[in-house]
Amino acid sequence: MKRLFIGRTMVAKLFLTLFLVALLTGGAVAAEKVIKIGTLFPLTGPCALAGQRCQSAVETAVEVINNSHPEIKVPGAAAEGVLGGMKFVLVHADHQGKPDVAKSEAERLIDQEGVYAIIGSYNSSCTKPASFVAERKQKLFVCGCSSSAALTKRDLNRFFRLAPTDETESLEFVEFIKYLNETKSAGIETVGLIYENTEFGKHAAEEGKAAAGVAGLKVIADVAFNPGATNLNSEVQTLKAADPDAVFGACLGGDYTLWVRTMKQMDWLPDVALNYCTGYQDPIIAKQLESDGDFFMGGTGYSPEFAELMPAVAAVEKIYMTKTDPSVPFDSDCIQEAIATLILAQAMELAGTTDYDAVLKVFNETEFDSPMSLGGMVVFAPGGQNLKAMSILTQLQGGSYKKIYPLDLADTEPVVPMTDWGSR
Amino acid sequence: MLTRKHISKDVKWWIVVAVLAALPLMGVLPSSYTEHVLILIMLYGSMAQAWNVIGGYCGQTSFGHSVFFGIGSYGAAMAVVTFGFSPWPGAMVGALLAAGVAVVLSGPCFKLKGHYFAIATFAIVEIFNRLFMVWDWVGGALGLDYPLVEEGWMNFMWYDSKKGYYYGALILMIFVFGVVRKMEKMRFGYYLLAVREGQETAESLGVNSTRVKLSAMALSAFLAAICGAFYAQYNFRVDPSMVMSLDMSMKFVLITILGGLGTFWGPLLGAAVLIPLQEYSRAFIGGMGGGVDLMIFGLIIVLVMVKQPRGIMGILDDIAMKSREKKEGDH
Amino acid sequence: MALLEIREVTMKFGSLMANRDVTFDLEEGSIVGLIGPNGAGKTTLFNCISGYYTPSSGKIFFDGKDITSSSANEIAKLGAVRTFQVVHPLKEMSVLDNTLIGAFLRTSNVKEASEVAMECIKACHLEEMVHRKAGTLTIGQKKRLEMARALATQPRILMLDEAMAGLTSTEVRASVELIKSIRDQGITLLVVEHIMEAIMPIADKVVVLDGGEKIAEGPPKEIINDEMVITAYFGEKFAKRLKEAKLS
Amino acid sequence: MVTFLQVALDGILSGLLYALIAAGLSLIWGVMDVINFAHGEFLMVAMYLSYWLGFLWKVDPLISWIASGVFAFLIGALTYKLIIRHTIGKSAMAALLATFGLSMFLKNACLYMFSPNFRILNDTILGGKTFSVGGVIFSLPQLATSLFSLGVVALVYLLIKKTRLGWAIQATAMDKEAAELMGIDTERIYVLVFGLGGACVGIAGGLLPSYLATFPDVGGLFSLLAFVCVAMGGFGSIPGALFAAILIGLVEAFSGFYVAPVFKYVAVFGLYLVVVFWRPRGLFGW
C-alpha cells in the first residue's frame, strides 16, 4: 500500500514539474518598438574576465547607439536609436566557456527571446556551434574577437567577424621577423611555441607553425601546456633548453603572468617574444607585471596609446570605463565587440529597414566607415571575414604599448633583443 | 506479490512515457526552449540512470563515467566528421569500446576501497582528458566540428525543428530505463543489490562479485556511451573538455544522488528538478553575470545533502510517511 | 570417500599459527560438530574451507575435487555453503530477496527461484516476515534468515558458524530441530558451536580444536569421556553437566 | 647536469607546496574519513585575503599568511558546523557532494564579489628574487613556501603525535564512541580538525600571492593534486602525504621536461594509479 502511495506522489510531482516548465516558458513576449540583440559571452568559468569585459563593451556600444552623442565621431552616434528612434535592447547570456551551453543559449536567444542578432562569443569553440545555430535559424551572428581562422572558412552566409584571425597575426609575426633580420640583422632563425592546449592555443600554434615553415624559420620547441597551471617550470625549462631566437606565445590571463615570471625566475629570454591575443593585451596584467612585462610584443588591435590614430575611440572609451570594475580602457578583444555592435546598427541604418535580406546585402556589399577600427574601415569577404581587419605589432616599453610595426604606423624602434632580466 | 508490485510500477512508467510522447503532438510545447529543456531532462535522466546501474544498484561510486560518455560521443562524431558516415555504427562501436575500456580499467580499480576508488576514477578522467587533448587523430584540443549534413534519422541530425531530437531522446530514455527495469527483475539485478549490501555474504552464496561488478560496469559504460553519442549529435561538436571532464562526471553522480541513489525513478526525478533549475536560472539570472545562478545551484546541492542525502526520493518518502501518520492519527 | 576431506591444513598469519596440520573427514549425510575454546582456530579453519582464506599449506577436497585455492563463490557453487558467526543480512533487501540471492545459485529463473526461496523461508519459520527489510529483523530471525539463505542454494554441505550463539533456549531448541530436519533432507552439516547441550545430542562426530590443533575426534560419547579433552578443554564442572544432559 | 638539478629542484619545491596544501586534507580525511571537495576553494579564499591585505594595506604575504591561516581556520570550523556535522552517519557520498556544492558556491561568490580579474601582488619582500648556486637557480618565494611547508607539516605531525590534544584526535579517529566514553569531546575535536585542515591550506594560500596570480578558478588543479597526494600517501598519514607530494612534484617536473609538458599530469595521475594498484591503501597506508 505504501509503495503505491509514493508512486502516486511521484507521478504527481513529475507532472507538476512538466507543468511548471511549460508555464515558465509560455509567456509570450510583447512586441515593442525595440530591436533585441543577444550577447553571448563566458561570464563565468576560466574565461569570465574576457567575457565580462566584452559584454561591457557591447553595452557601451548600445549606449552610444541608443542615445544622442553628438560628441562621438562614430556613424550613428549622434542619432537616438536606429531607423528613426528604434532602440537596441540587450539580452545577455552566459555560455560559461562551454560549447554545448553556447549552442543551447544561442537557441534560447533566438527562439525564446526572439533576438534580431547575436553578438559574441569570445571562445572560438563556442562561436562555432552558436553561429551554426544562427545560420540555420536565419539570424545574424556578428562576432567580434574569436580568432580561429576556421570560423570564416565555413561558407556561412550570416556570420561576420571583425577581428584579425590567428592566421593573419601569424603572418604578421613572420613578416616582422623577416624585417628584423633584414634591417637589424637580428639573426632570428629559430622559433619556439608556447600555448595553452585548448582549441584557441592549439589553433594559434598551428597557424604559427605553418607561417614559420613558409618563411623558412625552424620551429625547435613546441610547448603545449594545460591551462590553469599550478606552475610552468617544465614548460619554460623546455623552452630554455631549446633556446629559440623567437617565441610565439598563446597564454591567457593567469598563465601569462606565470609564464613571464617563470622566465624571469629561470633567467631566460628569447630575442623576441610575440603574443597572440592573450594576457599580453590585458592592460591590467601589463600594469601589474610592471617592468617584468616590458619588451614583450604582440598583435594589438587597440590600446589607449593608439589615441592619435583613432581619435574617435576616446569618448566611447570613457563610457566603457564606467562600465568596468576595476575601470579599464578598451583592449584589443573587447573593442571588436563594440565595433561589431556599431557595425550592426550602421548596417540597419544603411539598409533603412530591419529586413534581413536588405541588411545582409548591406553587410556583404558595403565598405563600412568604422572610426573605432584600426584602419578605419570594415569590409566583409564571403564567409564573413573582415578584410580590413588589422593589428599593429606593439612592444611594451615602460608599461605602455609602443607601435613598432608595420613601419608606416610605427612610432618607436623595437628593442631587439629583449633586455635581459638583470639589466632592467 | 512480487509480480504485482512490478506491474503497478510499470504502468506508471508507461504513463510517463505516453505523456512525454504526446506532449509535442498536443501542441503543449510552446517554444523550442522548453523542448530543449525536456530533451536535456530525458538525456541527463538517461545518463544518470546509466550511472545508477553501477553507482546506485551496485554501490560503486565511480567518477569516471565521463570517459565512457566521451568515448561514445567520439564514436558518433568521428563516424560523421572523420569518415563522413552515418553516426549509428559509430555510436555502436563507441558503446562497445566504452564497455571494453570499462572492464579493463575497472578490474584493478575494484580492488580499491572508498575514497581510493573515487580518486582513482578522478585520475582516469584526467588522464583520458589529457590524452584526447593531444591525440590528433580524434581532433585533439581542436575537437570535432560537424559539417552540414542532410537532416533526418539516418544522420540523426536536425537543424530547424527539435522534434527529431525530442523523440530521439525519448527513445533513448525508454531504452536505458527499459534495460534497467528489465535488469531489476532479473537475477543480475538482485545480484547487484547483494554485492552492494554485502560483498562477503554474496560471495558465500555463490555470487561471483567481481564478475557481477565488471558486468555492471560494462553495462553502465555501454549505456553512458550511447547517451554520449546523442549528446554529440545534439551539439554538433565534441571536444575533450566538453565530454571528458570531471564536470561532466559530476553531473552523472549529482543528478542520481539528488534524485535518489539506487532507485528506478531517482535519476529521472533528479534530472527533472536539476536541469530546469540549471537552465532557467542561467537563462533568467545567468546573463547578469557574476555566477549568481551557480552560487544558488551550489547552495541547493549543499542543502539537499545536509537535509536529506537520500535525495528527492527520500524527501518524497518522508512526505508520504508523514501524511500516512496523519491519516492514521485521524482515525 | 568422504564428501569433504581436510588434509593437514595449516594457516599462518605472519608468525601466528592459527591452524596447524588439521585433518578430518566429513561423511555424506552426517552432522559434524567442530568445537573448541575461544581462539582455538575454529573460524579460521571455517574460512579456509569456505574459500575466504587460502591455507598456508595442506589440502582440502570436496567430493574428490581439490578446492584448496578455490574462491568462496566457486566453493558455494560446488555445493558447500556457509553462514557467518556475526550475521550479515543484506540490510536494504527484503527477507524474500535475501533468500532469492541464495536460490539464484541453481536457477536464473525468478519464478523458480522464488518458489525455492519461499520453501526455505517456510522451513526456517520466517514466512511472516517475507517482505520485511532484513535490517529490521531481530537477531534470532537474522540467524534463521542466514540459514534460509544458505539452504536456498540447495547445498550438499551446510557449514554453520555458531548459528545458535545469542539465542534464547526456545530458539535454540527450534534450531536444533531445524538442523535435524536439514540432515534428513540429505544435506551434510559442519557445525561450529559453543553450546554443547545443543550439538552433542545430534552430532554424529565431533572434532575438537585447541590452540589451532586437533586434539580429539570421534562420536560425542567418546569425546565426552576423553580424558584429554576434559582436562584440556571442558574442565571438570562442564563435563559433569554434559553427562547429566546425556542421561536425561 | 645543471639542467637536471634545476628540474629536480623545481620538482621538490612544487612538491613541498603540494604537501602544504595536502596536509590539511590528509588530517581531515584521517580523522573523519571525509574528502573535502572545497579544499581548493579554501586555498583560493585565503589567497584573496592575502592579496587584499597586500594590495590595500601593503601587508607582505610573509606576514599575512597568519591572517589567512586564522581566516581559513574559521572557514573550516564553520564548514564543519554548518555542513559536515549534518552529513555524518548518513550516506557516504553526502559529505563529498555537500562540499562539492560548497566549492561551487565559494568559487562563484568570489567571482561575484571580486570579478574574474587575475590579481598579482607586486613589490613583495621576496617577489621575483632569486639566487643561484652553481648555475642552479633558487627562487626565494618558492623556497620560503617550501620551508613553511616543512615547518607546518612537522608542527601538525608533532601536534598529533606528541600532545594530549593529538592523542585525543588520534583516539577520535580510531573509534569515536570509545573516545567519547573516555571523556573526549569528539564534537570539539572535529571542529578543531576541520579548522586545522583549513588553517594548513590557508597558510599556503597566504604565501602564494607572492608568485601566483589570484583568481576565482585558481583552486581547481591544486585540490585535485592534493587529493592524489593524500591518497597516494595513505589514509591520514601526514608523512605519507609529504612523501607523495614530493614524489608528485618530481614526476611532474621530470616528465614535463624530459617527455613533454602536456604529459606531466598524465604522468602524475598515472603514477597514482600504479601506486594504488600495487598498494591499495597507499604508500604509507596500513
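List of remarks:
Letters A, B, C and D name the chains as they come in the text, with residue numbers starting at 1 for each one.
The rule is simple: contacts are C-beta pairs under 8 Å (C-beta built on N, C-alpha and C of every residue); 3 or more make two chains touch, one makes a residue touch a chain.
Because the structure is a prediction, the values reported are computed rather than measured.
Ranking B-D and B-C by contacting C-beta pairs places B-D first.
Of all chains present, the one whose mean CA position sits nearest the global mean of protein CA atoms is B. Rounded to a whole number, the gap between the C-alpha centres of chain B and chain D is 32 angstrom. Averaging Cα coordinates per chain places chain B and chain C 44 Å apart. With centres taken as mean Cα positions, chain D sits 35 Å from chain A.
Chain A has residues 44, 48, 52, 197, 224, 226 in contact with two or more other chains. Multi-chain contact residues of chain B (touching two or more other chains): 130, 133-134, 290-291, 294. Chain pairs that touch, as defined above: A-B, A-D, B-C, B-D. Across the interface of their complex, chain A is touched by residues 3, 6-7, 10-11, 14, 17, 108, 111, 115-120, 122, 128, 130, 132, 137, 139, 142, 211-213, 215-218, 220-222, 225, 252-253, 255-257, 260-262, 264-265 of chain D.
Contacts from chain D toward chain B in the complex involve residues 29, 33, 35, 83, 86-87, 90-98, 100-109, 111-112, 115, 224, 227-228, 231, 262-263, 265-266, 269-270, 272-273, 276-277, 280-282.
Remark: chain B residues 5, 8-9, 12, 15-16, 19, 23, 28-34, 36-38, 40, 130, 133-134, 140-143, 145, 159-160, 231, 234-237, 239, 241-242, 265, 268-269, 272-273, 276, 279-280, 282-283, 286-291, 293-294, 312, 316-317, 319-320, 324 touch chain A in the complex. Those residues of chain B lying in contact with chain D across their complex are 61, 108, 111-116, 118-120, 122-124, 126-127, 130-131, 133-134, 246, 250, 253-254, 257, 261, 290-292, 294-295, 297-303, 305-307, 309-310.
On the side of chain B, the complex with chain C involves touching residues 1-2, 185-187, 190-191, 193-194, 197-198, 200-209.
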